[in-house]
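The following pair of complexes shares a single chain, chain A, combined with chain B in the former and chain C in the latter.
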Partner chain A sequence: MGKSYIKTSLFYIGIAAITILPLIVFLWMFLTGLKTQMENLAIPPKIIFSPTLQNFKSVFAQNDFLKYLFNSFIVAVFAVAISLLFGLPAAYAIARFKMHKIGLTLLIARMIPFISYLIPWFIIFRKLRLVDTYIALITTHLIITLPFIIWIMVNFFENVPLSLEEAARIDGCSYFQVFIRILIPVVRNGIFTSSVLGFIFSWNQFLFSLILSGNRTMTVPVAVFKFISYEEINWGGLAAAATTITLPPLILTLFIQKHMIKGLTSGAVKG
Partner chain B sequence: MKNRVRYTFILPALLLMTIIVAFPIIYNLYMSLHIWFVASGSGPHWNGLKNYIALLSDKRFWNSIRVTIVFTVGALGSEVLIGVLLALFFNRQFKGKDIIKTIFLFPIAATPVAVSLIWGMMYNYDLGIINVLLKAIGLPPLLWLADPRWVIPALVITDAWQWTPLILLIVLSNLESLPTDPFESAKVDGANSLQVILYITLPMVKPAIIVAAMIRSIDAIKTFDLIYVMTQGGPNIASENLNLYIFNMGFSYFRMGMASALAIVLFTIVMAVNVFLAVIRNRDVT
Partner chain C sequence: MRKAVFLLVLLAAVLTSPLFAGGKQESAGTKKAVSAGFDWKAFEGTKIKIMVNKHPWVDIIKPKIAEFEALTGMKVELSIYPEDQFRTKRTVEMVSGTSDVDVFMLMPGNALAQYVQSGWLAPLNGLMKSKQYLWPDYDLNDIYPAALNAGVRGGKNYTVPLLLETSLLAYNKDIFARTGVTVPKTMAELESAAKKIYESSNGNTYGITLRGKKASATSQWVDFLHSFGGEWLDSNGKAAVDSPEAIAATEFYGKLLRLYGPKSAPSNSWYESISIFMQGKAAMVYDASVFKPNYENPEKSAVSGKVGYAIIPKGPAGSIPHVSNWGLTIYSGSKHKEAGWLFIQWATSKAIALQGQLAGIPSARASAWSSPEFKSKDTSPEWTNASIASYKVASPLWNPPVIPVGECRDAMGSAIVASILGQDVKAASREAAKTIDKILANSK
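Up next is the complex of A and B:
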């Protein structure tokens, strides 16, 4: 008791006051989605109200929302899968044969504004009549996911002891067999972390999808943005849509929380 | 043998990167030296450096540069300052620390379009929670996004909400990995907490702070989603940063040559800032 007790209490109050800040915005988003239009227009805002799922129901019923969710999902899954297919062997080669110059090039690729990629790709896809196709979206999302996944995986491959590979090679395994049978299982944590982050990046991507998607392939961030223009007053519906699209990244975060920050910084630390 | 393996592993990715990354950049550079009004139907024609020269006397370009600088300095400055202070505050053992670290991951992972949409509602003049709170403590409500003087501070606040946690968590994880000896010997020598923080802790985490600042600066200079969703560059062009101006040049006015030249300028700025930060970091390391 006494002085240290007060000090500890103050510390926890401070912690709580700071931690409420990130949470309160999500909470406000969710509660706005649970309110009726009348309740959302009330001044001062109602703290006590009877929650309704009506807004969520109408989001899914009215706006082809399931189709948009599906589009986002397909684009993200393919962008990540193709990135792994090409990126894992590359990351291994960069780590094992110390090709650091290539690593630096990847960092520069990250600094290039997305719009620098978007202008040429828009012109090309328009010519090939590929605007509003999955091909256009997946290709451009690869610009983000491929260098990112290589980046993270270089770090993971560098931490694998060389002796592990050499032992297998003495037993007669080829480089390729060693890679598939020994290395891939060893770096599975890295594959999981980088895949989840790559998925989140693709899911959240707005600029490429805004220009290159159309009615058939629209992804959820673009769909939600388009709601804003004609549903400006319908706060409940907008908030319900915003909650729905941001929920998958938040849930995925829970699975990679231990490695997420390391993953987000790994490339820049070396460059 | 070894060489063949090396190239078989890396060539497919290199080839793909060349197609999706290197090729558009070269195309971008080429386009920036041409006039091409896409909607006209005729192809691009050579214009030399005139696109770049035209920018020098383009008031809207200089406005977008000013917005980019003010927004980036405001966002980066507040995020680094608050992030580092919070990291120092959180840098001790306490119950629930892991849960709190998880909570701070949420804004980082949240879809920027959703975040911008919600903050746009929170800034609403009549119904937004922020003006309600301002009135509750006796301050006058603000127009926020509709007021040219307040629109950039409002955007900075939203950006800081989303990205301060990244700085906080990077610096905190670095603080947690520091060796304890220097702190103990400083205590033995009679240093007070403020001295320890200023002369021992901060110099030790400085490289991590710079890395965090690099990551944030890359994205802050290029900010698009946040501004486009919340204000579309408005009111008028009060919050139109360089990236939005490029977007409008290319996809509202279809002047692809000019948009490409602007994109090259934006890339140059991002590179310059990062080379500068890398130099600061490397000077300290060696």
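Up next is the complex of A and C:
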């Protein structure tokens, strides 16, 4: 009894020790958003202050922030959806028919520094008159999400026992039906995990959005920089905006956390 | 199933929305038949793209774009980015060779050499002389020659200045009065003033503070270089920072800081340097003129209201400060060069220049500085007079007119630090000159 009590408390102390640093950073950002510029520049930093919502108000009032949030959301959702559409069958094929060379090639595409794509892409999209459109942003974000989703999903499909598929085939399913009806439900935790991570990667992507977006399709990571001006940095506004753009991925993660943890820890069909 | 149908409909709806449809056909510029005189409406219906960085000047013109559109019947698309992002985006657009931007901001001292050599800029000389496109009230002669010349390469004009900064000697009047020092007119007086203040306070008050941090120091050191008769490069484009004049300037700059300046000098950039002055710990600072609002802000500065301003003291070659500016340029691939030129003229007109001047953005136009409206509101005429005096004699160059500006500044910065630390300035300057020559050879 006493032993397990100690064990449990040690466990939670360990968790606290690991999470406290990132949480302090996040808390600091949030508090910075609640302070005025004067308070933010004070040395030593003020721990006690009267919080103001002015920064959050100005984020939404002055800078079309909702539009940028919407843009980011559209781009991330479509990039993930299209990646799933192509990535799931691809991952299945790679896993089932052991096409690991193709898998590796896809991973290399993901590993090439993104900046080397920029100029060719800019030229192509410019000629197609697609700069500053969702199509350009979504297409380019596929390079982030698609290989990532394939690479994660290959592992999940590999862990599905072949006998499960064979049983379904004997019962009269076509390959396609096996895929849709049997495999997708079995690997859904993996789908959730890779989708959320893909969503976050796309959401945070800065470089492509800077170059290929314009006034109409600007995404939030680019828009956040509007709080940095020529002479000084509006720390309060910057922090308020940063807090705001962290929320959607955070909420999304909390929402499907249960599936994610399963996806991250389990294989596929243990449960 | 119904869900799937719904999602498909949603997909279709979003895909067909205008944002997906790509660049709409630009309304063709209805260029009127060639007429002899100037006409603001000559490009009615044309759409021009302007790319600028987030700068207080942009805050002045942004709300006025509608006026320009009403005046000309053109459409203006203004995109604004913070400085670092602006530079990245501008470079990618230029390198790709397919940009559809028409007019953009450029700091000639930093980037003009690269942009001209790469052929990214359209020369403005034809437009500046054209009866048809030069607005009769524009008055090019009103712009300070140093500012206009900063945008010249190979005899051609590429940028039109939208503001003009210089560097000034700012001094603490209280300390000067206490120690009986007068405003230094020559480099020798500058040194003796710094010495007197430092020694009479037993080293508690620094005589002067200057930037000492490698590359950042070169932008102020260059005024000493020119005033001593030195140059970044000689007439053959070779490094000249090891000439006797240049060595004397570097020696002098370092000596001021070593003997009468803060010990932290080699790590001070502008922020640290002006902070020391603003805390009242140094009697003088030589830095950019635009820091006046910092000096005079009672919330940040302990010396507000006590600061005097003067042009750089005379060296062997005279008083030669520099000017630096942001300018507007036209992209060489632009299809609307003449329309872009109309925009540039409007954005750098006397009226807008005065607006900026009143808002604290030092104008590149003499008329803004001498306007009764500005003079009646001017709270520091001493700064105004020193600035105007500085503009009149300034050199348009503060960086070497080459592409690898940053690397050259780094190389010279090391020599400046060596001088501050009391090392062999001659050897350090030779080393810097050698490095610069190597950098220039490699960049060709």
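Just so we're on the same page, the second predicted complex is superposed on the first by the 221 of 271 C-alpha atoms of A that agree within 3 Å, B and C clash if a C-alpha of one lies under 4 Å from a C-alpha of the other, contacts with A are read in each partner's own complex, and residues count from 1 in each chain.
What we mean here is this: a residue touches a chain if its C-beta (ideal position, glycine included) is under 8 Å from a C-beta of that chain, and two chains touch if they have at least 3 such contacts.
If you're wondering where the values come from, they're calculated on a predicted model, not measured in any experiment.
In the superposition on chain A, A:F11 makes contact with chain B only, not with chain C.
Legend: residue contacts after superposition of the two complexes on their common chain; A:L34 is shown touching neither chain B nor chain C. Look at A:W203: by the touch rule set out above, it reaches chain B but stays clear of chain C. In the superposition on chain A, A:K226 makes contact with chain C only, while chain B stays out of contact range.
In the superposed model, A:I119 makes contact with both chain B and chain C. Look at A:I74: by the touch rule set out above, it reaches chain C but stays clear of chain B.
Using the contact criterion defined above for the overlaid structures, shared-chain residue A:L128 touches chain C, although it does not reach chain B.
Looking at the shared chain after the overlay, A:A109 reaches chain B, while chain C stays out of its contact range.
In the overlay built on the shared chain, the residue A:L146 is in contact with chain B alone; chain C does not reach it.
Residue overlap on chain A between its contacts with chain B in one complex and with chain C in the other: 118-119, 122-123, 211, 222, 225, 228. In the complex of the two chains, the chain A residues touching chain B come out as 11-12, 14-15, 18-19, 21-23, 25-26, 28-29, 32, 40-41, 43-45, 86-87, 89-90, 92-94, 97, 99, 102, 106, 108-123, 139-140, 142-143, 146-147, 150, 175-176, 179, 200, 203-204, 206-207, 211, 220-222, 224-225, 228, 235, 238-239, 242-243, 245-246, 249-250, 252-254, 257, 260-262, 264-265, 268-269, 271.
Remark: chain A residues 74, 78, 118-119, 122-123, 126-135, 210-211, 214-217, 222, 225-226, 228-231 touch chain C in the complex. Those residues of chain C lying in contact with chain A across their complex are 14, 19-23, 53-56, 77, 79-83, 85, 88-89, 92-93, 95-100. Interface of chain B with chain A (complex): residues 2, 5-6, 8-10, 12-14, 16-17, 20-21, 23-25, 27-28, 31, 38, 86, 89-90, 94, 96, 100-115, 117-122, 126-127, 129, 132, 161, 165-166, 169-170, 173, 211-212, 214-215, 218, 222, 224-225, 228-229, 243, 246-247, 250-251, 256, 259-260, 263-264, 266-267, 270-271, 274, 278.
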